[in-house]
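Okay, so chain A shows up in both of these, paired with chain B first and chain C after.
Then we have the complex of A and B:
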């Protein structure tokens, strides 16, 4: 059990981080669909920087910056030029995926044995890490894990417990009302998308920096798309996302296990479960899992059309 | 200094392109005063208030508050100067609670968010108590009825310290009880020293609550009156306009020949021109978009070849009436039949097959596909007809041919049938919609403001086309805010007020004053039954 949790927790870090980044911009109405590409780009950048600079923290930070840059492009295209969010997002997914592979090949080249970096070191919290079963997986982790825990709590606090969060969320619920009350709609969308996209990239960088130590194309393996499903499953709320991410991570690890040892169930079935769960939640609990009212729609003050 | 009015707007001019929406309008509102702003659609009432609230920038003119000249360039400025506005469409976040909506965009006092909200809750309770605006501060917005949501909008303005409160047509979706409660609250506000500006077109309401009233027409101020020095008839006359003073009913139908009775006589007094029965509406009950029952137990007969005109001020159920008669809006109860064929509860396709054609008021939203060509737009609704089909598919050659013919016949100014409808001017869009309706060989034609924005030539053309279809036995319903138009074209005129028929006249013996009174909610001893 403890061993299983030890495998689940890092995957939980990936899902939580990317999903918090997704709901951050989603709450202001920007529907980000670039995750799969931005995570790959984050993995590539994170690895290359860590390899060249010899600093894993540097890798994470530069990955964040590159992800933020993609977010900036997304937000300029959608808030300033008012292009369709989904179309721009898909284009950026392709561009980021391509850039990830290109960067690696330009800097590292094609090698027989891929270069390897040291993965992030784990830190132990005294006493707590001695708790049976959960102590080892929860309190002997690298700093990204502790950052994600703080980030999730912080986001919850900001969104649900502060006046700034109230204003922030209103942008995604009714931008016209927010605008009429002096809230800067485009500013909120811009910074939330920049920061959100940066977090998604860091989630991608976690793959080479925590799991493998190497970068390979396709290592995100569809988890970026799952993150979008997770955002819906979590009802675009930070704490529900934390719980949903645990479920997604559990299914992910089970799927991998099933491939190796064989659980008597086809691994494809287990890999399907997160999607099925999301579907069921969308169908039966749509009220709790409802998304921001203006998710995915651009705001134009001058427009007289309904909305 | 002590005599400076709370609010003074002088010589405000606002133009939209070539249109002069406000023509040097001046307005004075004192403290402790409910000031009514009256006028029909397009009179400029809302435009003037949007200037005051910073949504529009005036081309020239000045605004003074408490004698001090101010510049208002955004709602934010207006709010800081103590001007609050309750719009017709509420700007609220549906998923937030009442408190959250009220405090949105403000800085909360108190150490923490929770403490700030508690303080806000207390202030809201205080405002509710003082002005009789009772709401549950923790209720979620989307679960509240329209009347309460409006209270929240008022509280929002008061919470921000408004001393001048503007309400744009606040009673449109309210029940009579809610209207009474609202007016009581407004009186309390002015008693405490506030000023209230009430945009309305309902004379009775104006007289019930206002101390002063300014009547506007065509972007200009007609007159400002004291409540004490006016009455309903006087106001109605000013609103309808002096041009009706020596009104001559136009000779539209042969019924004119019968006219020996004095003006204002009811239809029943003299034998009516008889039409064969055509369209019959029985006990029709309809809800508006806010689920409020707006039209109830509505009966109407329109004979074959008869034109029935509905006169009324916008917002009295015109849209709902037009949409229901055209089969676009469902009936809650009652029936609509054409030649004994019951259409209510049937699919739209069957309405179309039965020959119902509709010319909606909002051309751009309800009338056309803006990014499609004229050919496609003319095809809509008759795309299933054999005339444009060949071996199960649309015969585009025939469709283009029809479009070309329509362009010539209706003098639509367009390069080709492929021109996108959204690129046409308003008048030409209307011609496309009319061409589609008339090509439909209608048995029931529903027209809502059919000539708004058209020039005289086009208007005459539309009237000729309408007479042409009536000659072929089509029943026509014309719903218009243009009283002259209704009188000019209809065989029968019905005044519409709050979804009910407030009077009926034969068009050759109408009294425009009488219609004006009835459509603004005033009863009378003369004329048809309401």
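Then we have the complex of A and C:
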């Protein structure tokens, strides 16, 4: 059990981090679909920087900056120029996917054995890490894990417990009303998309920096899309996302361990689990989960259409 | 937010991106065409300019690289045949994206639908390998279409019955299909000698006849050409085509006027899946001779790019797909000649798309000033 949790927790970090980044912009009405590409780009940038600079923190920070840059392009094209969010998102997803492979090939080249970096060191919290079963997986982790915990609590506090958070959420629920109350709609959308996209890229950088130590094309393997499903499932709320991410991470680990588990079923069918489970969960998620009313629609203050 | 369409997310202004009508007051047909074609030309030129600067900045020769990208398809018969063989799956995957898009739905699952179509086709081609081509070939292509349509049908049912967002369901089905075909290629009809997960070859009767001297062009190209005409006419002149476009333009008005919008949206997905499935079956019958892992290449992304660039015009779509096929074939040559990584071409294609989107704004500003 403890062993299983030790595998699930890092995957939980990935899902939580990327999903918090997604709901951050989603709450202001910007529907970001660039995750799959931005995570790949984050992985590539994070690896290359860590490899060349020898600093994993540097890799994470520059991955954040590059992700933020993609977010900036997305937000300028959608809030300022009011282009379709989904279409721009797809185009940026393609560009980011291409850029990820391009950067790696350009800096590292084609090699027989891929270069490897040291993964992040784990820090132990005294006493707490001695608790049976959960102590080891939860309290002996790298700093990204502790950052994600703090981020999730902080986002929850900001969105659900502060006046500024209420204003922030109102931008995604009814931008016109928010605007009439003097809330700067475009500003909220801009910063939330920039920061959110940066967090998504860091989630991608976590793959080479925590799991593998190497970068490979396609290492994100659809998790960027699962993150969007997670955001819907979590009703775009930080704490629900934390819980949902545990489910997604568990499925992910089961899928990865398919060949070890056996069960008498061809391993390929166990590997389908994360995706099939998500499809089934979506059936319910779209029944009861809430979403920001203006998710995915651009705001034009001069438009005469209501809402 | 109306209660008519609760399937999130409803992107932007609602409905697919379409070119603003080129018929402004006081402008004739010629200026109309110019306003439509000019953004494409400008976007391509700008994207190549930016791409060229990137290549130069990376320390390669931009002129050599871009020349290789643009001309290698036309340098030899081999280049043209290979380009047309790439064109087939690209154009079909573009239909897989563009037909559902006409009803306002996004099919991001062409990859999985293509693989299922290839598997369906290969299944027939392997099981009945003794049949003559007259029977086997059509049966195989039909099986491919059905398998692709069935795979997209899962997403369609989830959409129509359970209101599950079609973007997510189609994408997730891609990843399910990868595992499924891995199982087929390693356990059901494995070819141990292939050195790569692949099925055993299909029977000779399941191979598309080749045209002309070697390297021969497979006849699937002609089939797709005929299909392109059929689709362009169908979307423009049939009642169903009209209804599909109406739903895409204004789902609410269509619903009020008695169009069964959600059923039509589901049908759009299924037809799109059939197109992608056909792409898989043709690739088996014409190029690979078997189903193998990785045969989907990056046709999903290329199909979406072409589908978005066509902006709802089923007439323009095959031509744009040809342009993209030229770039894609050129990408390999570029890597050989100028050692620029092939990913550069994907970046250029994404840039073309982004500039094309931006051109709307520029055009509107220009027209506003005029």
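The criterion applied here is as follows: the second predicted complex is superposed on the first by the 280 of 307 C-alpha atoms of A that agree within 3 Å, B and C clash if a C-alpha of one lies under 4 Å from a C-alpha of the other, contacts with A are read in each partner's own complex, and residues count from 1 in each chain.
Keep this in mind: a contact is a pair of C-beta atoms (placed from the backbone, for glycine too) under 8 Å apart; a residue touches a chain by one contact, two chains touch by 3 or more.
Bear in mind the structure is a predicted one, so any value in this text is a computation, not a measurement.
Student: First (chain B), second (chain C), both or neither: which does A:4 touch?
Tutor: A:4 contacts neither chain B nor chain C.
Student: So, does A:161 touch the first partner chain B, the second partner chain C, both, or neither?
Tutor: In the superposed model, A:161 contacts chain B only, not chain C.
Student: Which chain, chain B or chain C, ends up touching more residues of chain A in the combined arrangement?
Tutor: Partner with more touched residues of chain A: C.
Student: So, does A:91 touch the first partner chain B, the second partner chain C, both, or neither?
Tutor: second
Student: Can A:33 be said to touch chain B (first), chain C (second), both, or neither?
Tutor: In the superposition, A:33 contacts chain C only.
Student: Does chain B (first) or chain C (second) touch A:293, or do both, or does neither?
Tutor: Both partners, chain B and chain C.
Student: Counting only touches as set out at the top, which of chain B and chain C does A:176 meet: first, second, both, neither?
Tutor: Touch status of A:176: first partner only.
Student: Intersection of chain A residues contacting chain B with those contacting chain C?
Tutor: 293
Student: Can you tell me which positions in chain B touch chain A when the two form their complex?
Tutor: Residues 74-76, 79, 91-96, 100, 103-108, 113-114, 116, 365 of chain B touch chain A in their complex.
Student: Can you check the complex and tell me which residues of chain A touch chain B?
Tutor: 161-163, 166-167, 169-170, 173-174, 176-178, 180-183, 290, 293, 305
Student: If we count contacts the way the header does, which residues on chain A are in touch with chain C in the complex?
Tutor: So the residues of chain A in touch with chain C come to 31, 33, 77-78, 81-88, 90-92, 94-95, 97-99, 101-102, 105-106, 221-222, 225-226, 228-229, 232, 266, 268-269, 271-272, 275-276, 278-279, 282-283, 286-287, 291, 293-298, 307.
Student: For chain C, which residues are in contact with chain A within the complex?
Tutor: Residue list for chain C touching chain A: 1, 7-14, 17, 58, 106, 158, 162-165, 167-169, 171-176, 179-180, 182-183, 186-187, 301, 304-305, 308, 341, 343-347, 349-351, 353-354, 357-358, 360-361.
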